Amino acid sequence: MVDYDFTHRIRVRFVETDAMGIVHHSNYLAYFEESRVEYLRHVGHPFTEWRDEGLESPVLESYIRYRQPLHFDDLIDVRLRLAAVTRTTFQMAYLVTVDDADGTAGVRATGVTVHGCVTTDGRPTRLPGWLVELGGTTPG
Amino acid sequence: MVDYDFTHRIRVRFVETDAMGIVHHSNYLAYFEESRVEYLRHVGHPFTEWRDEGLESPVLESYIRYRQPLHFDDLIDVRLRLAAVTRTTFQMAYLVTVDDADGTAGVRATGVTVHGCVTTDGRPTRLPGWLVELGGTTPG
Amino acid sequence: MVDYDFTHRIRVRFVETDAMGIVHHSNYLAYFEESRVEYLRHVGHPFTEWRDEGLESPVLESYIRYRQPLHFDDLIDVRLRLAAVTRTTFQMAYLVTVDDADGTAGVRATGVTVHGCVTTDGRPTRLPGWLVELGGTTPG
Amino acid sequence: MVDYDFTHRIRVRFVETDAMGIVHHSNYLAYFEESRVEYLRHVGHPFTEWRDEGLESPVLESYIRYRQPLHFDDLIDVRLRLAAVTRTTFQMAYLVTVDDADGTAGVRATGVTVHGCVTTDGRPTRLPGWLVELGGTTPG
């Protein structure tokens, strides 16, 4: 877990569970997104800054591997890493864990999202320079 | 049930259930909204027309009375009625039923939403004339 | 605002916004629920305890008055109050605010939810004694 | 598109849009799920039958490639195919299209989900025989 850049903690909401008694698989994308937003704030470029500059960051691809279910009220840690950056796309990798009874972080899911950059009228454009640079200095 | 103007049928999705094994109470507002959209299409003024004319219809109030739970895969009928119209707001009333084994419509919920009208930059404005007129001819 | 028992802070997620650029009105019920869960933890009776004792707390009614829209990344404060308790139902009242630029709490919404108590197989039952007692000592 | 086994049509709800004015990327998993449920009904083994037999079908992996955005009120066609079946897992492939102005199906997204089979108390078990058989006769 040393490879991740940032960790964000989220409490599972009841609304996120389904009739199997576990978190519905679609909610992981919301957890990833919330964590990404906090990561961007952490590196000094909050997502609201993007929007003020007329940029959006649409999701181009998403992949999730669900390993163990999440349950209501679980306190989950989403670790994330800026995994690959080109001039027009960036990739984020995620690890979702919950602390088990013995204090070790039990893996619940892993995932990847790929993002582009568009102007608010939808035309693809280059990533902000600071993000390309940040990608260049990422060990991953 | 004679008082309702329109009925829209919706199949409950698995994602809409929660760990109590029933439909989460927040999803009823999405059912009402979907039904409202179909009703507006039915009366010849689809919601996309509103948006083309630079109008939005924000929700000002919502009320729901949950009587019997809804379950995954239920086929629900949302009856709705334009209940009260002023020059700046309109009210919709809803009745949610599921056909019981004997073929009678079993009541699951009732609800009301109140809507305003704003321009796309957020300023309150009058309702479209056709809607005020439609309200005037509503028995409710 | 002195009348509220508890305040819970939530950051608005991007997934909770809609194409009007504001928080979709159905998400307020999730905010209320999350705050209720934290309140119950705060008074020493976490919702997981209810579930361990074979109890559920279904929502019987919900009411929301939307006053000003919420936006992505807003830091919202949900104040809540145990408003009325009978032997079989309890009511919670909510006030949603966002700190405005001048530091004052700007009202965004108010709401009420009414809850019952059922055993996990769905039969209505009395509220736990501590909750009836808590209601008795509430100024509201 | 000849390779797909089944098509299910869904109307995009307003609640599914986000502040970028497009469908939030997490909702595609709900569209896939709704389509899967209708496919299983179509082949004579509705998901409710699984549940009656004490079986659940958790999602083990999901992958989505978002090609063109979906918008409010779009009428989307989800084509799906049973893509790979082992004794304990099955894979479904999806193609999401919207009919363009000229009547051709414009591709919006592709996706894959991988599913296991567990008993309602969470223990992994073999897939139902009919599903393994169905997989065997699939060209994919």
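We call the chains A, B, C and D, going by the order they appear; numbering starts again at 1 in every chain.
The criterion applied here is as follows: a residue touches a chain if its C-beta (ideal position, glycine included) is under 8 Å from a C-beta of that chain, and two chains touch if they have at least 3 such contacts.
On a predicted model such as this, the values are computed, not experimentally measured, just so you know.
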Number of hops, chain A to chain C, where each hop joins two touching chains: 1
Chain pair, A-D or A-B, that carries the greater number of C-beta contacts: A-D
Chain separated most widely from chain D, comparing mean CA positions: C
Distance between the centres, which are taken as Cα means, of chain D and chain B, whole angstrom: 28
Inter-chain centre distance, chain A versus chain B - centres from mean C-alpha coordinates, in Å: 34
Whole-Å separation of chain centres (CA-atom averages), chain A against chain D: 24
Two or more partner chains touched - positions in chain C: 14-15, 22, 26, 29-30, 33, 72
Of all residues in chain C, those that touch chain A in their complex: 11, 13-15, 29-30, 33-34, 37, 46-48, 72-73
Chain C to chain D touching residues, read off their complex: 14-15, 17-19, 21-22, 24, 26, 71-72
Touching residues (chain side chain C, partner chain B) in the complex: 20, 22, 25-27, 29-30, 33, 56, 58-66, 69, 122
